[in-house]
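Chain lettering (A, B and C) follows the sequence in which the chains are written, and residue indices restart at 1 in each chain.
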Amino acid sequence: MAIQETARTPDKASVLNDPKVRGWIYQIVVVALIVWFGWEIITNTAENLKARNIAGGFGFLNINAGFGITQSLITYSELSSYGRALVVGLLNTLLVAGLGVFFATIFGFLIGVARLSNNWLISRIATVYVEVLRNIPLLLQIFFWYFAVLRAVPNPRDSIALPGDVFLNNRGLFTPRVIFEEGSGLIGWSVLAAIVVWIGIYFWARRRQEATGQQFPVFLSGLGLLIVLPILAWLVTGMPLSLETPELRGFNFVGGTRIIPEFVGLLLALSAYTAAFIAEIVRAGIMAVSHGQTEAAHALGLRNGPTLRLVIIPQALRVIIPPLTSQYLNLTKNSSLAVAIAYPDLVSVGGTVLNQTGQAVEVIGIWMAVYLSISVLTSMFMNWYNSHIALVER
Amino acid sequence: MKRTILPVLASAAFAMVATAATAGTLDDIKAKGHVQCGVSQGVPGFSNPDDKGNWAGLDVDFCRAVAAAVFGNGDAIKFTPLSAKERFTALQSGEIDILSRNTTWTMTRDTTLGLNFPGVTYYDGQGFMVRKSLGIASALELSGASVCTQTGTTTELNVADYFRAKNMQYEIVAFEKADEVVQAYDAGRCDVFTTDASGLYAHRLKMTNPDEHIVLPEIISKEPLGPAVRDDDVAWFKVVRWVYFALLNAEELGVTQANAEEMKGAESPNIKRLLGTEGEFGPSVGLDKDWALNVIKAVGNYGEIFNRNVGPDTPLGISRGLNALWTDGGIQYAPPVR
Amino acid sequence: MTDISYVRKEMAPSQPAPASTVGPVAWARKNLFASIPDTILTLVSLWLIWLLVPPLIEFAFVNAVWSGENREACIGQDGACWAYVKAYLPQFIYGRYPDPERWRVNLTFLLFFGGLIPMMIPSVPFKRENVIYMLVVFPTVALVLLTGGNMDFNGFLLPDTVIAPSMLKFWVDYAILTAIVMAAAAGIAKASQSRAAPAAISVLVIFGVLAAIMVVLEIDFGLRPVPTELWGGLLVTLVIAVTGIAVSLPLGVALALGRRSKMPIVRLVSIIFIEFWRGVPLITVLFMSSVMLPLFVPENLTIDKLLRALIGVALFAAAYMAEVIRGGLQAIPKGQYEGAQALGLTYWQMMYHIILPQALKLVIPGIVNTFIGLFKDTTLVLIIGLFDLLGQVQSSFTDPNWSSPYQSHTGYLFAATIFWIFCFGMSRYSVWTERRLDTGHKKR
């Protein structure tokens, strides 16, 4: 026993050679450094703010903003509060990011597929598109779309009139606005009904196809319903809709719906730029699907279109989704470049608030919190979607 | 983990850190040998770099005057170009000693931002510029117009107040940088470009066709522009304030850059006291006896500065107006040196 | 019996391929007009090309104005105004860097590419020396050349009452700091039963090199100091990009290792750091560094504006770099770690000799992509008032001497071309490296 005891006791190994102990020492050092660093920052900031007579806190959000905003989805005037101004900015960010994601996805998929096309010309054009747009800074593209295109478009008096009372000038794109008058509720209900029936047809057609193998043109019939039903409702209720057309009055067009050039420029640049990245992701995803799958689908008699739609893309999606998520997030974050061309997004409006109030810490804190939450929410949704798709794997 | 970044951080910190003792701004400036002056990123006539990078303008000359008062030499100065957003932080944090960047003196800035305004070097007001082709003669015809301006300035708020008070519709397009405002207005994005009237004249020079634009007669706000210093150092505040007064007094007494040296022998006791041949006025604010003489020899009197940079014979072509001396119908007035 | 041979003795002469499968016509039929939809697509593409390419060529070359003294030359012309770019070229490259001092910038560019090119070509020897040159010698020389050197270090440790702030005080402080760190290193080494001398000596070497760098920075070479406010154009773009890359790579490695560490606190800190920077837009980071950073430091301390942007960009890029490198670390089979540990290597030896070389090689394309992203992102500094290439181009638009209808188009076209050349070059290099290092397991 005694011999064993001595054998087990290491010579005189220091505790410092124990990896666990070392680990804890490292971590304590890290924590100490961070605490010291944070403490320095906080005390310095507090001291500086005090020296500059800047009161902290979010009380300023209730004060009247006093400045105007070009585009707002909710009612906003100079009398609204700073808090509301920031909400307007946030909604504008979400609007441009949402539409940007939509268009970038469509363009991206089209171009990605085009890059793999058997048509030599199409695949070359897609390659050139990707290589050019990917390698030029986004900010430059935004400036280009905004300033260069702005100069090319005429002023309101010489507007380009497009068919259907649509006007284009350097104040934006003006389209007629539909005004819902008394009794137009039925039209809304008919749209809803059409969608419900469409979903019903979808399930019925699927069951029928599983049972009999016969296909049913679900998409076309649904689309038809969506067009026909509201028109019927419109006729039945005595045509309660009217159009408000934009007309030139004074400096600019009045009435109708207006899309400001800042929005158009930013949206174009964001979708075109992100589409180039999405195209590459799509291409990689499709190439990751083994060629045998295509051959097998062809052997089964599927043509190119259905092969892509029913065999290749569902499998490619698994590879595509994770990098696609980060592209969506990049697009959302890149929408903050709006500040360079006066599109009133969160950063742009926040910058104005920061200037008027001097509450730098609070405003930047709000920015960071908002973008971090958008990131986290998008990642969570895409992770859920990804796992949903991954279940298909056998 | 931190080993790799330490050298970088350390060398960076050593390299760029300017240590400033807390004795007092004037002593610090004397110790480091120059005045650090915050200016704009480019407003012709006020502070604008030429293609060699030399700064010129009314605000710049005021800084040179302060440097001349402290060192007897108007070149003992360094400039920091600042955006509207950065300017106050830069002053508060001690990055610059004096902010001379067409800054409006307002109550908020005076009371809550920790600033002091020693004087008003230029009485300005916000105006509107439009294209001649619109055929507009008054700002009251601007209902429904698109207005381009720079974000983060008082101008944005003034426009809102003005249009609301007159019950007119408008659309504001606010850019981050002045250059972008000019570019967008020039491209036709807006009908109206608004900023301080002096700025309008300055920016007009940057348009593709300066002659196509006019400045409307309405002035919708009071914009007393002047230098600013930190409010925790009264001694430095007084130095800057009296440099400003010296410039005004020199013009009033007829002392110019050219005749300053010979004026030392003038009979008038007022001139004698200003130029330091009588009394101990310089030392009372911590400067040399001939502080004002140095200032005038370096940059001239207020009238000379004005005419050289923005006056009728410059491309800006601004008349003295409110900025004339009180003896000439303006409101520039300085307490006497005695 | 007649000799009837049913088997051919010689090969039949090979027939030419059917006319429908060779030649340009066949190629076009196969690749352009295979089916009716294909034909329609081809025609649409041709129409698109015809719509875009001839006008672009006409604008950029045929109708362009190549020489002139001011706007008069370009007004009324229906093409690019290259004369303006020519007049502004020095500004686009150097910003407002004083004229007589521009050779310093040129020399810096020369030293940079002189070090970079041999490093990028695999067959050139002396890689280790090259790395030392790029990481230690070049940055020091560049810093002295660009700023003018002759910096004042005033000391940082002892209270001012002991020695007045001066160069002497700095070096006294520095010596004390060196001694303290050396003692600490020796102490730790002793406590963990290794020999104290090597640890102390390695500390001494590191501090010695740092001291040498600082001596160089302190020497007055008689160069006129050029404050960073005067820097601009391509110079600023490259300074930000190169510094960002140089700082973000080691920091990214550290963060990636931290994120995969077994120590919970280190891991948590790394995750929070990485996810924070990846979750916010760069522009808010830059606003933070320009507006908030001055609030974070003591009142009497000011940080140069360019340096502030550099800190923001580097931290931001480091987070992205960390994720790329983590991908590489995850791809290394567990056996490699276990093998290294079985050989008795310490953690750092294992990482340095076994894991990182393999992991980094795997993610070279990702790293280069991050570099490209960083390079493009440098343009954002114009929003906080620094003049990079794009900022310089933008600010030139307001020069009344050159304002003409196509001035901005020309300026943007010029900037886009420069950025495109750099980024496309980098991406080609990454593709080439990827192929070179590819061990050939991939299909296709």
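Couple of notes before you dig in:
Quick note on the criterion: contacts are C-beta pairs under 8 Å (C-beta built on N, C-alpha and C of every residue); 3 or more make two chains touch, one makes a residue touch a chain.
Worth saying up front: this structure is predicted, and the values here are computed from it rather than measured.
By the document's definition of touch, common neighbours of chain A and chain C comprise B. A summary of chain positions shows that the Cα centroid lying nearest the centre of all protein Cα atoms is that of chain C.
As a whole-number value, the distance joining the C-alpha centres of chain A and chain C reads 28 Å. Distance between chain A and chain B, defined via averaged C-alpha coordinates, is recorded as 43 Å. The mean-CA centres of chain B and chain C are about 39 angstrom from one another, to the nearest whole unit. Counting only residues that touch two or more partner chains, chain A has 30, 48, 51, 147, 151, 339-340, 351, 354, 360.
Shared interface positions of chain C, defined as residues touching 2 or more other chains, are 266, 291, 294-295, 297, 299, 383, 394, 405, 408. In chain B, the residues that reach two or more other chains under the touch definition are 1-2, 85, 89, 92-93, 176, 180, 183. For chain B in complex with chain C, the touching residues are 1-2, 4-5, 7-8, 10-12, 14-22, 41-42, 49, 51-53, 78-83, 85-86, 89-90, 92-95, 176-177, 179-180, 182-183, 186, 203, 205-208, 210. Contact residues of chain C toward chain A in the complex are 31-32, 34, 38, 41-42, 45-46, 48-49, 188, 191-193, 262-266, 269, 276, 278-284, 287-288, 291-292, 294-299, 372, 376-380, 382-383, 390, 394, 405, 408-409, 412, 415-416, 419-420, 423-424, 427, 444. Across the complex, chain A meets chain B through its residues 30, 33, 48, 51-55, 66-70, 78, 147, 150-151, 155, 170-171, 249-252, 254, 261-262, 339-342, 344, 348, 351-352, 354-356, 358, 360.
Put simply, chain A touches chain C in their complex at residues 13-14, 16-17, 23-24, 26-27, 30-31, 34, 40-41, 44-45, 47-49, 51, 117-122, 125, 131-132, 134-140, 143-144, 147-148, 151, 287, 329, 333-334, 336-337, 339-340, 347, 351, 354, 360-361, 364, 367-368, 371-372, 375-376.
Across the interface of their complex, chain B is touched by residues 91, 96-99, 143, 147, 151, 153-154, 156, 160, 165, 206, 210, 213-214, 217, 227, 229-230, 247, 250-251, 253-254, 257-258, 266, 290-291, 294-295, 297, 299-305, 307, 383-385, 394-395, 397-400, 403-405, 408 of chain C.
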